[in-house]
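What follows is a set of structures to go through.
After this come two complexes, each holding chain A, first together with chain B and then together with chain C.
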Partner chain A sequence: MTTVLLLMLLAVGAYLVAVIEDWVYRGHVQLSAPLIAGIALLGRESVVPRKPDRIFFETGPVLLLISAVLAATVIPLTPGLIVTDLATGALFFNAALVYVLVALLMAGWGPDGAYAMIGGWRFLGQLIAYAMLIVMPITAVAMRAESLLTMQIVASQSDIWNILYQPVGFVLFFVAAMALAFLPPFDLPTAKGELAGGVEAEYTGARLAIFRLGRLALVITLAAATVTFYLGGWHGPWLPTWAWIAIKILAVTSIMLLAGRYVPRIRESDLLGWCWKLGIPLALLNIFLVGVLALVFP
Partner chain B sequence: MTAQALFIGFFGLAAVWFGIVVFRTHSMVRSALALLFSQTALGAMFLSMQAEFLGVLQIMMMATEMSIMAIFMVMFMMDPGGLGKMDMTHQRRLSLGTGVVAFATAVTIALFVDWGPITSSAPDATQQTVDLGLELLGRSMLIFETAGITILTAMIAATAVAIQPAAGGSRHGR
Partner chain C sequence: MSTLEQYALLLGLTVGIVGFVLSLYALARAVGKTRKEAGKDVPASSGQLSRDPVWVRYHARYYGYALLFLAFDMEMAYMYPWAVVYKEVGLVALLDMGVFLAILFLGLLYGWSQGALRRQ
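What follows is the complex of A and B.
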């Protein structure tokens, strides 16, 4: 039952992300835009390129969607609404999202197209940059909660949210989450105007629809994770818990999407340089500070 | 218990099957990803055996490692797409012999070692994570730290070897 509810909420969330994305790029809200675009995609012929690696070509988009949905299963939405409260929840979240990389490699390699392949391998470089900045801030979050249980992580923020307790970790995680979801300015694997869509370039019709849906689900999952790890989950005054989590998730999603509009696309080498020379030392500092804080104010 | 045994068997067979696919395919990327799914199946076996932390860790680590291996295989092999039907096996007799000997050794060890009394159920996953954490920061700390530092040193050394000496003091990597 919870699983069905989560899938429905993910679908609604993905739809809203599509509306917000449309609003960010075109400047006006049109609630029916994703529906029309979806119907148009499903109506189009789904072309299979010449000499594809058929297994990868078909698996890539589906795996992207599956890994986003799996990651969402350990995110608690309200005190009772979580699909599985795994003892290793915060770790499982990472494990599921690593398969975004595998999905993009498959989608890049599968169609036998130059732009797609460059996009796929680019994302591997991107992972080398952002992966540590996802894992290390989560380590600090788990240190404060003294648990990998996501429910416990939310409970640990009942007094003071992690965004105030460990602001450095929040900034790093937020940026890394945008890179994981290959949102602009980190849209190196798709890179419209440069790689002609990259990993998306050779996909059409229903396959492209699944790919886009997977990406939207990924964005909403990452926004929900940001809320769980840093913004106190469902905690908040006056309003009921479900309202708070919905408001927070939509706000985080909007900021993630808006940020990309005003920043030019980053270079792969700059991304790697900044992540490793600036991001990782900051993440280590964050872990150290949280350790000291946890010892001083237990 | 029966369901558990069935799942372990299923994922075990999946691991072996993907292991075979590694050598049966001609494509480097397929080969690398087949190895990934073989390792993922191993992770799923750990999960079936109620070793949650180990299983999740295995599933997470292998995805990155095998993807990185894939790009190296594509870079260094002359026929990455497998369109030339390159054979993935070499030194057949030696590898077959080694494989048979290793398999026989593993089976012998599994059958003839006294494993002690078999526990019917593992402690719950939260307790396992706590125990593992205490173990890693206690008795096993020296071993893990030594291994970690060794790997880090090797990585730095490999990177240092790979960087070309800067010509005329210009910045590289741009």
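What follows is the complex of A and C.
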């Protein structure tokens, strides 16, 4: 029952992400636009390039969707609403999202096209940049909650949210989450106007629809994770829990998408440099600060 | 739910998504088949086949970072269990991990000084 509910909420969430994306990049809200675009994609021809690695080509988009949905199963929405309350929840979240890399590499390698290939390899470099900035802030969150259970992590923030307790971790996680979802300015693997769509370039029709759906689900999952780890989940005054979580997730999504509009696309070497020379020292500092805080105010 | 049931549910979800995707493909297929036309299946490269093969070996110019990444990723495997028991163990845990991370961080600084942190 919860599973069905989560899948429906994910579908609604992905739809809203598409609407917000439209609003951010084109400046007008049209609620029916994603539906029309989706139907149009299903009606189009789904061309297969001439010498593909067929298994990789077909697996890429599906794996992207699977990885996003599996990561969403460990995110608690309201006190009882969680699909799998794994004891290793925060770790499982990471493990599921690593397959985003695998999916994009498959989508890049599979079609045997130059632009797709470059996009795929670029994302491998991007993973090396952002991956540490996903896991290290989550470690600091787990330190405070004394647990990897996501429910426990939300419960630990009932008085002070983690965004105040560990603001450095929040900023790092937020940026790394944007890089994971390859949102602008980190859209290196797709890079419209530079790689002709990159890993998306060879996909058309129904396959492209699945690829886009997977990406939208990924964005809403990451926004929900940001809310769970840093913004106190469903906690908040006056309003009921479901209203708070919905407001927070939509706000985080909007900020993630809006941020990309005003920043030019970053170069891969710059991204690697910034993440390793600034991000990782800051992430280690964050772990140390949280450690001291936890000892001083137990 | 027991842990085993939860993993079974995750497996079921995976299979379910594959089924959903396949049915969507079938729906798209029912609307109309892809017409076979010359030149349609050329990968996106201005309508011409690329001169060179695509599946070749690329120079991974971030290999300096990649090697450091391996060290840090291994370290994260220790960090998670440590983080869970951190408050219980207290100051000793902070010092233990502090020494470990300091050594690792020195490695990062050394790599940086030797030019590992740049596009090769």
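Brief remarks on what is shown
Just so it is clear, the second predicted complex is superposed on the first by the 298 of 298 C-alpha atoms of A that agree within 3 Å, B and C clash if a C-alpha of one lies under 4 Å from a C-alpha of the other, contacts with A are read in each partner's own complex, and residues count from 1 in each chain.
The definition used in the following text is that a contact is a pair of C-beta atoms (placed from the backbone, for glycine too) under 8 Å apart; a residue touches a chain by one contact, two chains touch by 3 or more.
Quick caveat: nothing in here was measured; it's all calculated off a predicted structure.
For chain A, the partner with contacts to more residues, out of chain B and chain C, is C. By the touch criterion defined above, A:S254 lies against neither chain B nor chain C after alignment on the C-alpha atoms of chain A. When the shared chain is aligned, chain C comes close enough to touch A:M143, but chain B does not. When the two complexes are overlaid on their common chain A, residue A:V102 makes contact with chain B while staying clear of chain C. Contacts of A:T78 after superposition: neither chain B nor chain C is touched.
Look at A:T3: by the touch rule set out above, it reaches chain C but stays clear of chain B.
Residue contacts after overlaying the shared chain place A:F56 against chain B, while chain C stays out of touching range. In the superposition on chain A, A:T241 contacts neither chain B nor chain C. Looking at the shared chain after the overlay, A:V292 reaches chain C, while chain B stays out of its contact range.
Residues 86-87, 91, 109, 112, 121, 124, 128, 131, 147-148, 269, 273 of chain A touch chain B in one complex and chain C in the other.
Those residues of chain A that touch chain C in the shared complex are 3, 42-43, 45-50, 61-62, 65-66, 69-70, 73, 83-87, 90-91, 109, 111-117, 121, 124-125, 128-129, 131-132, 135-136, 139-140, 142-143, 146-148, 196-197, 201-202, 205-207, 209-210, 268-269, 272-273, 276-277, 280-281, 284, 287-288, 291-292, 294-295, 298. Those residues of chain B that touch chain A in the complex are listed here as 27, 29-30, 33, 36, 52-53, 56-57, 59-60, 63-64, 67-68, 70-71, 81, 83, 124-126, 128-129, 173-174.
Taken in their complex, chain A has these residues touching chain B: 51, 53, 55-56, 86-88, 91-92, 94-95, 98-99, 101-102, 105-106, 109, 112, 121, 124, 127-128, 131, 147-149, 269, 273. Those residues of chain C lying in contact with chain A across their complex are 1, 3, 6-7, 9-10, 13-14, 17-18, 21, 24-25, 27-29, 31-32, 34-35, 40-45, 50, 54-55, 58, 60-62, 65-66, 68-69, 72-73, 76, 79-80, 83-88, 90-91, 93-94, 97-98, 101, 105, 108, 112, 117-119.
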